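Naming follows writing order (A, B, C and D), and every chain is counted from residue 1.
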Amino acid sequence: MPLGGGPLNTFGTAFRVTILGESHGQVVGCVVDGAPPGLRIGLQDLQRELDRRRPGQSLLTTQRQEADRAEILSGWLDGHATGAPILCIIRNEDKDSSKYAEVAVKPRPGHADYTARLKYEGMSDLRGGGMFSGRLTAALVMAGAIARKLLAPIGIDVAAHTVQVGDVHGGRGMTIRQIRERVEATPVRCADPTAAKRMEQAVLAAREAKDSVGGVVECVAEGVPAGLGEPWFDPVESVLAHLLYAIPAVKGVEFGSGFGAAAMRGSQHNDPFVLRGGRVETATNNAGGILGGITDGMPVVFRVAVKPASSIFLPQATVNLATGKEDTIEIKGRHDPCIVPRAVPVVEAAAAIALADLALRRGLA
Amino acid sequence: MPLGGGPLNTFGTAFRVTILGESHGQVVGCVVDGAPPGLRIGLQDLQRELDRRRPGQSLLTTQRQEADRAEILSGWLDGHATGAPILCIIRNEDKDSSKYAEVAVKPRPGHADYTARLKYEGMSDLRGGGMFSGRLTAALVMAGAIARKLLAPIGIDVAAHTVQVGDVHGGRGMTIRQIRERVEATPVRCADPTAAKRMEQAVLAAREAKDSVGGVVECVAEGVPAGLGEPWFDPVESVLAHLLYAIPAVKGVEFGSGFGAAAMRGSQHNDPFVLRGGRVETATNNAGGILGGITDGMPVVFRVAVKPASSIFLPQATVNLATGKEDTIEIKGRHDPCIVPRAVPVVEAAAAIALADLALRRGLA
Amino acid sequence: MPLGGGPLNTFGTAFRVTILGESHGQVVGCVVDGAPPGLRIGLQDLQRELDRRRPGQSLLTTQRQEADRAEILSGWLDGHATGAPILCIIRNEDKDSSKYAEVAVKPRPGHADYTARLKYEGMSDLRGGGMFSGRLTAALVMAGAIARKLLAPIGIDVAAHTVQVGDVHGGRGMTIRQIRERVEATPVRCADPTAAKRMEQAVLAAREAKDSVGGVVECVAEGVPAGLGEPWFDPVESVLAHLLYAIPAVKGVEFGSGFGAAAMRGSQHNDPFVLRGGRVETATNNAGGILGGITDGMPVVFRVAVKPASSIFLPQATVNLATGKEDTIEIKGRHDPCIVPRAVPVVEAAAAIALADLALRRGLA
Amino acid sequence: MPLGGGPLNTFGTAFRVTILGESHGQVVGCVVDGAPPGLRIGLQDLQRELDRRRPGQSLLTTQRQEADRAEILSGWLDGHATGAPILCIIRNEDKDSSKYAEVAVKPRPGHADYTARLKYEGMSDLRGGGMFSGRLTAALVMAGAIARKLLAPIGIDVAAHTVQVGDVHGGRGMTIRQIRERVEATPVRCADPTAAKRMEQAVLAAREAKDSVGGVVECVAEGVPAGLGEPWFDPVESVLAHLLYAIPAVKGVEFGSGFGAAAMRGSQHNDPFVLRGGRVETATNNAGGILGGITDGMPVVFRVAVKPASSIFLPQATVNLATGKEDTIEIKGRHDPCIVPRAVPVVEAAAAIALADLALRRGLA
């Protein structure tokens, strides 16, 4: 057996989320611990977010059919949290593991097949990607829905949208109101209508080519009170990035000016403090709402780079671990040509969870 | 008093680092807990890295004069770790807090003055930036030096270099050997000699203009065994990004292809598995050595965006918190026009600490 | 809402157990994270221990009828752990919450009704004691069964027995073999046959008097390798006591000589080192197998004081929180006159979990 | 190197204490993280408690001469906590390691010499007991002094006293006021004057016989608000016992009725709820102020069994690890014939730290 034990699957200090389940197992679920007793939670709160993440919504996504019905099995009574751990699950229905037998010996490029095999010495559940499947983000989405309920009374709101697909760039720096008005109008979840159209075409072109395409999701949190975050070693960026990087396919995370800051001078980048309606704000927001790892009261803004989905239908070079020879794999099954649109509610969920944890650590909920 | 207590300043699960001290207090230091008993550590191991981070090395850096002599006060006997917590300190000498009085009422744009004041209700040590000062990265560097000693017998080596300053880009994707040969030859720590010269000029131009300039540091870890990282929620990217974002001025972190992945197709991005000398490797390394959050045996590669130093000598708009009116601040003192070169050993230290923690969690040290 | 969030219900560092569910909710369960991939686990392993804890086994226990069928919903494939979190549940069946309405306003002496109400501001699930019910120890027992599977290949075995009920004392200091031979022969789970008979009478007398009676459980762990435990602050005693005190009704925990050590001289108490078959052992075991917080290779021995069950059928004085006046409560329902016999498998489970965590932290599994 | 890394030496969730240093190293100290910014702390607060723990106070204690001067090196400015980690140290002066050479090969019965050697593979600092020395409780005492400052404004006060030495029992169940009036009047720190005299004689008799003697310390915390403690798995008993068992020589911990509960009936043990001055209290306090793991507003009462000091001056049987033969050791040096009196301030410190953590987790400080 590998040393050091199996993996540890809990995130958070005060608002704690444990992910469990497998793509083709009985359930996908989460345990949320730390939700304040009395917090109102409806099954529809979870369902609404699950429905946004659910597959089969358009031609841009996988055709796997799953009802993804949220159930809460503990910690919940008469529509409110009781203070005990909340177990949320969805049951897996449309499972067809037959196509995954090949994967055990011929790891798919870009997937966790190879590393999972090494780490778990062949003992992990590889069916449908097992615990590495993007399907487990449904659990994040349920936990995120609970986090949102906790954030709402504090005045914190979170919204994300697609700002890049392939080489198509959409407008950045929108307010939540602007995002909300338009994000669900297009299957790519881009709040910039012109770009959205072209993004859609980019996805369909990739799909046509039996290929996939990547993109960037931008997320904004408004109403975040100043003072969240713990320097050395829980700055807001660290806590958010930690959780965001747990989302499969994320390759980059940047805050405010992000990598653009590298090309700037301090005089451009520093956000001057100004008074607005008697309140201290900053004139610009290159900081992304965070100074010294601590929120400054401005919107928290970050972007997440999502790689092109690893499951493509072109033949790919791999190594056959049974024969010890180089080989080729052709992936079958139902897969998203672009996971960016479905990543949007997942990124929102991650942001909500991380902010709920930071807020709870400051006694704000 | 603020609710939820003060900040918690410890990183790591098995190899644990606590940062302590202040820029103008008595000491800056760290406690390293989890170093295996018997691990050989010399004061010179710490000193070598401290000397690389130390100010006053060239015209490109601040002129603050500090000996930065490493001392180990516990957990260390006859040149080896004993298994007890290791307390490392440097003493602060060249302190001149007079210039910081203004900061208490007129927060500097881009600094933590404002957020620290809110979070700690005026009770934090603001002298020289207190615990938010870049000077505390010296503590990270000492902990990183210990981490390197732990990593060496496993065969893990880490090196970083500057790949961008302002709009000057240098070569990326070098091996550690290539980096080591040239990185210390130029004050900007860029291993690409042509770019290095132009980067140097960019820094001097910013300095001349009483301004500062940002950049990007790339870091490579070679010899990382496959199987490190814990999915949901300690993937390698999460653990590294968590610590990297604790370094002041970091605005972005990306792995492998990073934000470039957004514009790619799956067929380009997926790294094909190949056999090299009987070993399974990948032909390319867009994954940055990490698949499904777990190391795959290829070099771990990431880049860090560093914003232009917030301390510039131009007058800047701020709000006077005493008068409640908009005001102007002119920063005095000794400051780096570009912190990227000094960030290089800090990024290496952070990488070493994060990898040491991941390795120790797998029982590898 | 109370500050600081709800409770956090996870134990362990490397072998982590989260408890969830409520006495009269849908399920009682646990999530076990950290079980090594490949660890063989059968449903019957869980069921065997659940059956030992199950109510309705004799006249000495409550007559609540529950099948307590173990189900594993995740992290488990083909009879082995996969490395993903293991979700185990039992479903609640014989629920009759009608008798608990009174408890919401008239807290039962000795129960958590009053403190739960204060802590959760009336939002906790009080039905059947909710998450405070002794029924949740079924979750511990399932986690303990998994822990035992992990301990077995290391050679660690754990057994407990009743050594006191009321004023009846049974033999102490038995080996696991001696305990196993006789512990299940009597309903009080006392391995000393003479005492067992008298303990049984003590329980029946308490039952007859509509009262309850307390006792002491002794637990032995054999085959524990030397070197487990982390001084400052995870000595073996701390880790075990931490978990043992989470078992409802536990009022005391002592190791080796325990409180008896107070009356001893050092020359009596110190266990001399001797050679036995070439191995270093101690001639006596007042240390209970632990020196300086670290196991010394001798059996780990501890005792747990269990208070008399709080649910008795005599009228008791309480305060009516609705009327704000002193009042009387008469508890109805099905309750154990003595919970000590059913505590035996629970104490074993707690010991197994704590030792599994300590062993896994040392890379032993 | 041993797997799983070295030990981890931090206690607490919100109020976190790391212990560092060695008996004969340069310093003994602690890092306190989580003290609210603005908390008033004076060096004299630390010194007062250190002086109570300090050796050489009477014939009942060791004659090692140490000034034990508290220093605070970080996180402290103008007499208050800044919110950054607080590093407290005392320097070791009266070190004579010559007497400890023998210990490396001939482990002392009852000491950690043998287990430390195994765990750290001979790499630990054995001089004067190293990190296992009772001297490290000075670090706990400093952290406890800071915890007390945090508890005072909440109204929580803590006091301990000796209630047993050898077979001499003193009065139990006193209020803090009663304890304070008399506890420092006698060298044994027993608040019951008649018993104190006889305890003193018991210690002197043990000393005369080149032997040592054990005892019991009782501790009371008054003013503890209802609602502290987290069920499954941080009940108040678990958190307190965890820390108390980290104190060297502790063999038992019991709350309220403790082991006495085993012999009681429920009708005796259950504490009836009553109204006192309009407040809900319990008529008796067998629960020790804790119901269901949560404080109920009554005084928290617990007792700690302290074994006779392991260092005695009689010849003792041991094994010579160099020769592999049974051997004899005669301990030299300066040692306490009874450590119970000096354990009193240490137990108070542990209680204060644990309660500070629980209070901070509830947002009370």
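Please note the rule applied: contacts are C-beta pairs under 8 Å (C-beta built on N, C-alpha and C of every residue); 3 or more make two chains touch, one makes a residue touch a chain.
Just so you know, these numbers come straight off a predicted model, no measurement behind them.
Looking at chain A with chain B, do both copies bring the same residues to the contact (over half shared) or different ones?
Since more than half of the residue numbers are used by both chains, the interface counts as same.
Going by average Cα coordinates, which chain is farthest removed from chain C?
Measuring from the centre of chain C, the most distant chain centre belongs to B.
Quick check: how many Å separate the C-alpha centres of chain A and chain C?
Chain centres of chain A and chain C, defined by C-alpha means, are spaced 39 Å apart.
State, to the nearest whole Å, the distance from the C-alpha centre of chain A to the C-alpha centre of chain B.
Averaging C-alpha atoms per chain gives centres 26 Å apart.
Could you tell me the distance, in whole angstrom, between the mean C-alpha positions of chain B and chain C?
Distance between chain centres: 46 Å.
Provide the list of chain A residues touching at least two other chains, using ranges where the numbers run on.
Counting only residues that touch two or more other chains, chain A contributes 2-4, 7-10, 14, 19, 119, 131, 363.
In the complex, go through chain B and note every residue touching chain D.
Contact set of chain B toward chain D: 1-10, 14-16, 18-22, 25-27, 29, 31, 33-39, 73-75, 77, 80-85, 87, 89, 119-121, 123-125, 130-131, 360, 363, 365.
Would you pull the chain C residues touching chain D in the complex into a rising list?
Residue list for chain C touching chain D: 2-4, 7-11, 14, 19, 107, 109-112, 114-116, 118-119, 131-132, 136, 164-167, 206, 209, 211-216, 226-227, 229-235, 237-239, 241-243, 245-246, 248, 250-275, 280, 282-283, 286-288, 291-296, 305-312, 314, 316-319, 321, 324-326, 361-364.
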